[in-house]
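Below: one structure, written as C-alpha cells.
Letters A, B, C and D mark the chains in the order given here, with residues in each chain numbered from 1 onward.
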Amino acid sequence: MSYDVELIRSDFPILSRRVGDYPLAYLDSANTSQKPQVVIDAMVDHYERHNANVARAMHMLGAEASAAYDAGREKVAGFIGANRTEEVVFTKNASEALNLAAHSLGATLKPGDEVVISVMEHHSNIVPWQLLCARTGATLRWFDITDEGRLDLAKAAAEQLINSNTRIVSLTWVSNVLGTVNPIAEIAAQAHAVGAVMVVDGSQAVPQLTTSVTGLGADLVAFTGHKMVGPTGIGALWGRYDLLAELPPFLGGGEMIEIVKMGGSTFAPPPYRFEAGTPPIAQAVGLGAAADYLGELGMADVAAHEAAITSYALRVLQQLDGLRVLGTTSVGPEGRGGAVSFTLATRDGLDIHPHDVMTFLDSRGVAVRGGHHCARPLHERLGITASTRASFYLYTLEREIDQLVEALNYTRDFFGRAA
Amino acid sequence: MSYDVELIRSDFPILSRRVGDYPLAYLDSANTSQKPQVVIDAMVDHYERHNANVARAMHMLGAEASAAYDAGREKVAGFIGANRTEEVVFTKNASEALNLAAHSLGATLKPGDEVVISVMEHHSNIVPWQLLCARTGATLRWFDITDEGRLDLAKAAAEQLINSNTRIVSLTWVSNVLGTVNPIAEIAAQAHAVGAVMVVDGSQAVPQLTTSVTGLGADLVAFTGHKMVGPTGIGALWGRYDLLAELPPFLGGGEMIEIVKMGGSTFAPPPYRFEAGTPPIAQAVGLGAAADYLGELGMADVAAHEAAITSYALRVLQQLDGLRVLGTTSVGPEGRGGAVSFTLATRDGLDIHPHDVMTFLDSRGVAVRGGHHCARPLHERLGITASTRASFYLYTLEREIDQLVEALNYTRDFFGRAA
Amino acid sequence: MSVEAMYAEIILDHYREKHHSGLREPYGAQVQHVNPTCGDEVMLRVALSGDRVADVSYEGVGCSISQASTSVMTDLVIGRTVDEALALHEEFTRLMHGRGEIEPDEDRLEDAIAFAGVAKFPARVKCALLGWSAFKDAAALALAADAAESMKESR
Amino acid sequence: MSVEAMYAEIILDHYREKHHSGLREPYGAQVQHVNPTCGDEVMLRVALSGDRVADVSYEGVGCSISQASTSVMTDLVIGRTVDEALALHEEFTRLMHGRGEIEPDEDRLEDAIAFAGVAKFPARVKCALLGWSAFKDAAALALAADAAESMKESR
C-alpha cells in the first residue's frame, strides 16, 4: 500500500512529542492540523532569502516574493479545482472569508429578504449572518436537523425555507461536530432556482475531501489554511469569477484599489479588490506548500484514510459503556467527516463533563476538544451543553484511537469509583 | 558605542544576499522590514513543538499554544506602553485594524457627521473612511499640507476643519512618503475638545519610535507586524480599554462570542470581541519575538540610528544633480521618519520615471520602491504621479546609501546619454 | 501533581450533589457569567439581609470544577457579612492564581482548599473562578440596589 | 540580459518623443486603464473608419516602458484594419509572456521588437502591455458602438 501513515508521520516533527509517560495522541485536527516539515521550511526559506512586499515592490526580492505569493495562490486554486487563479481571495482565516461574503453579498439586502443557514453551523457561519441581518433588517432562517444529525430537508420543504425571498443560503459542507456531509449540490440547486447565492463553509471539507469548487454547485466557498496542514494567519474565499467581479469591496486600503482620489476611489478587479493591505505573504507560501503536500499524498488517499480511521473509531468507541456518539455512527455512502463527538457517563449515570474528560485524556497523552466546539446552537438543539470531540487526519493511527479508548475507560471508571 | 549595525546585520540572514555582482542594499523597509533569525526561529519552534489552536484547546499543546499566544500579546502591549494587555487587538495587518476602527467606531454615524483625515494618508487610512462615509452619509474632510510637507494647521483652523460635527479624526503619525512626523497630541486635543475620537495610523511610527500609546493622546492606534521585524499576516489595533469596551464587534465568528443562540448572540469583552476565528497564532509568537528583539536593541537607539542614517541620506542625496527630495529635508526637532522620497531628472530635464529608476537601481543591488507608495492623493497634491522612495531601518548602513547614490548617478547619466 | 489528585473527593462529591443549587426568590441581584472559551455558564442570584448574605442561588452548566466550586462557594458565603464573603473571594482568587505555590488556609477556606490543586492547571483556573466571580458581581449589584432603595426611602 | 540592453534606444526615443500623444476628437470609444500595482495610467481613444483604425490618441502617466510601448503601438495600429491590429496585439502579448524565449517577427512588429527584452523582467511586462490592452478594449467598444449605430440607421 502506498499510503504509509508511519512514513507520513515522520514528516510532522510535533507528532513525536510525549506527554509525561505517554506518547502524544493528537486527536484534535478538526480544531487545527499539525504541519509537515516542508511547510515550515518553505516559510523559513521565504523569510531568510526572499522576503519583501509583493506587487508594489519590483526589485529582485520583490519579484521573488511576488512570484512566491502568486504561486501560492495558483497552487491553492489548483488544489480546489478553480477555473481561474483569480477566483481565490486570500483572507486571514475562514471566519474573515465568511464575513467578507456577508458584507459584500449582503450590501444591498433589505427588510423582507431572507438569509438561510442551519442549526449545525460553526459560529463563524452564524454570527456574520446575524450581524448582516441586524444591519439590513433582513430575516435569518435556518435548517433544523434530524435525529441522525442530518439537515432536515423534509421540514425545510414543508416550511418553504428556501423561497422567493431567499437571497443567500450559507451551509457547512462537513459539520465540525457531527461529521455530517451535507448535500451541497442539491441545496445549491434549490438556492439557484430562487435566484439566491449559495455560500459554502468548506473549513472541514477542503482538508479531507477532494474539492472541485466547480463541481460543488456553490458560488462562494470559504476555507482555512491551518486545518489543511498550512500555517495560521491565512484562509481563503473562492468565488465564481463573474460573481466576484460584481461584488463591492469589503475591507479598504492599499492593494485593493485602482485609482484613489480624496473625493472617491475605484477598485481593482478580483481577487485584489478583496485583499486590503499587505497580504499574508509568507503564509501563502506555506499554504501553497501545504497544497503541494496534500496533492502529492493524493486527496483520494487522504479521504480514504480518513474514512477508514473514522470507521475504526466509530466501531471501537461504540463498544464503550456510557459513551454516546452524536449524529451519524457510520461512514455511509454520503461519507462522513473525521470528527466524532460524544458524551460520556459513568455506569451509575453521572454525566462526566467534557472538560473533565479532556483533562483526564490529556493526562494520558490524548489531545481532544471538550466544549461546544463553536457550535452552541447545535448542542442546544441536541439538548446538551457540551461534548467531547476526537478528530482525525491524514497522520492518525489506529493505535491512537486505542489510546483514546483506554483513556476514556479509565476516566469513566475514575468518576464512577467516586460514587 | 553599543549600537553596532554590522553586528545587528548578522541577525538578518537575508541581508547577505547578493544581486549579481553587487551586495544587496535593501532600502525598502518602509514597505516591509526584514526578519532577524530569532523571529523566524520562534515561529519554527512553535510549529514544530507547540502548535495547537488557542483558548478552546485545553490539552497540553493547547495550553502551550495559548500561553505563547497570550505572551505575544503581552509583549506587544508592553512594547507600545499599553496600560492593559487587553487593549491590544490582533488583526491581519494595519489595514484591517483601520477598517475595524472605521466599522466599529462608525456604526452609528449619520449624515451631517464629519470624518477628518489628511491628504498625506496611506490608502489604508483613506479608503476605509471613504467606504464608511458612503455607507452612512457622513462627510469626509481632510487636512491639506504645506509646501514643506507638513499638515497645514493654519488652513485647517481657518476652515474649521475640526468642529462640532467632527466624530472621528484619523491621521498618520509618520508619513510613509515624506517622513513627516505629525503633531498627534495637539490634534488629538482638538479632536477631544469637540468630542471626536482620535485614530492614529502608527504603521511607520511604531517600528521606528519609542511608542507610548498612553502618552500619544490617541484613542486607537493601528500598526502592522511586518514593518517591525515581525512576520506578515499580523497587525494590531490598540485601543483605550473603556472605548473598546463600548464598541460593537466588526467581524463575527468563533472566539469573539459570549453566548450564541440562533435568535441572537452576545459578545466577549475586548480584545476577543474583535478577533473572530482562529487568530494568527504563530504570527503572534513571531511578533512577540520581534517586540523582544526591538526592546533588547532599545527603541531609543533604534530611533537614534534612524535619525542618523536619514540625516546622512538627506545630505548626500541632495548633492545629487537632478534629484529633488519631497517634503522636509532635515531631521528637525519634530523628528523625521526614515523614508526619503524623491524625483530624478536628467541634466537636460527629462523626468526619469520612478519605475525606470527602480529597475536600474535593482540591477545595481539597490532595492527601493517606485510609484505612488499607496499615497496617490499626496502625489497628486504635490503635482506628480510617482516618486522613488528609499527607506531605512535599524540595519541600514551608510555604505548602502553610498551604493544608492552611485546607482542614481549612473541611472541619471544613462538616461541623459540617450538624449 | 496528577489529575487524579486534582480531582479530590470533595470536588466530585459537590459535583454529584450541588449545594444550594436552583434559582430562588427573593433576591437582590442576578447575574449571568460565561466562560466563552469553554462555554461554561452560570446564572446566579444573591439575596442580602442588611450587610449579610442571606442566600445565594444559581443554575449552571459546566465541568465538575466549575460546578463544585460554585457549590462550595455557596456553603462558605451564605450567612456571612458581605465584607467577609468578599474577603473569601479575594483569598480564593489569590489561591487560584498562585500556580500551586500558595498554602491555603483550611480554617478560612474549608472545603475550598480542595481546589488548591487546580491552581497547577492553568487551563482550569477559570473554571474554578466562574461561580466566585459571579457572586462578587451579584453582591456588588445587590448592595447598590439596597443603597438606592434606602436613599429613596430616606427622602 | 542587462537592464541597459532592455532599455533599447528605441524605447528611450519613444519615451522622449511620444507619437500620437494627446487626446483627439473624433473618437468612437474611450477607456481608462490602470496598473494598480505601480500606478501607471492611460486614457485612450480609438476612432474607427469602417473596419480601419483611423486614429488612436491617448494621455498617460507612467514609466518609459509603458509610455514608449503605447507610442509604438499607435504607430503600428493606425491605418490598419481592426482585425490586423488585434492580431498584432495578440502577437505582442504572446511575446511579452514568452519569458524571452520567443523570437519576435521584425517585419510585423517593427519598433515593438525593442520590447523583446522586457519579457525577461516579469515585473515590467505589465508596463509594456498597458497601452495595448487599453487599445484592445477601446477597439472592441468602438466596434460595438458602430454596430449599434448602423443597426439604428438600417431600421
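The criterion applied here is as follows: contacts are C-beta pairs under 8 Å (C-beta built on N, C-alpha and C of every residue); 3 or more make two chains touch, one makes a residue touch a chain.
This structure is a prediction, so every number in the text was calculated from the model and none was measured.
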Taking each chain's C-alpha mean as its centre, the one farthest from chain C: D
Determine which of the two chain pairs, A-C or A-D, is joined by the larger number of C-beta pairs in contact. A-C
Distance between the centres, which are taken as Cα means, of chain C and chain A, whole angstrom: 37
Using Cα averages as centroids, what's the distance between chain A and chain B in whole Å? 32
CA centre of chain B versus CA centre of chain C: separation in Å? 46
List, in ascending order, every residue of chain D touching at least 2 other chains. 37-38, 41, 123-124
Which chain A residues sit where two or more other chains touch them? 56, 58, 62, 255, 257, 259, 355, 359, 362, 370-371, 376
Chain-chain contacts as defined at top: A-B, A-C, A-D, B-C, B-D
Residue ranges of chain A touching chain C (in the complex, touch as defined): 350, 352-356, 359-360, 362-363, 370-372, 376, 385-386, 414-415, 418-419
Hey, which residues of chain A end up touching chain B in the complex? 13-14, 17, 19, 24, 26, 28, 31-32, 34-35, 37, 39-40, 43-44, 47-53, 56-62, 91-96, 98-99, 102, 119, 122-128, 130-131, 140, 142, 224, 226, 231-235, 249, 251-257, 259-262, 264-265, 276-283, 355, 358-359, 361-362, 366-371, 373-374, 376-377, 380
Within the complex, chain B is touched by chain D residues 2-4, 6-7, 9, 12-13, 15-16, 37-41, 61-65, 67, 121, 123-124, 127
Of all residues in chain B, those that touch chain C in their complex: 55-56, 58, 62-63, 66-67, 255, 257-259, 268, 272
Report the residues of chain D in contact with chain A in the complex, numbered from low to high. 34, 36-38, 41, 122-124
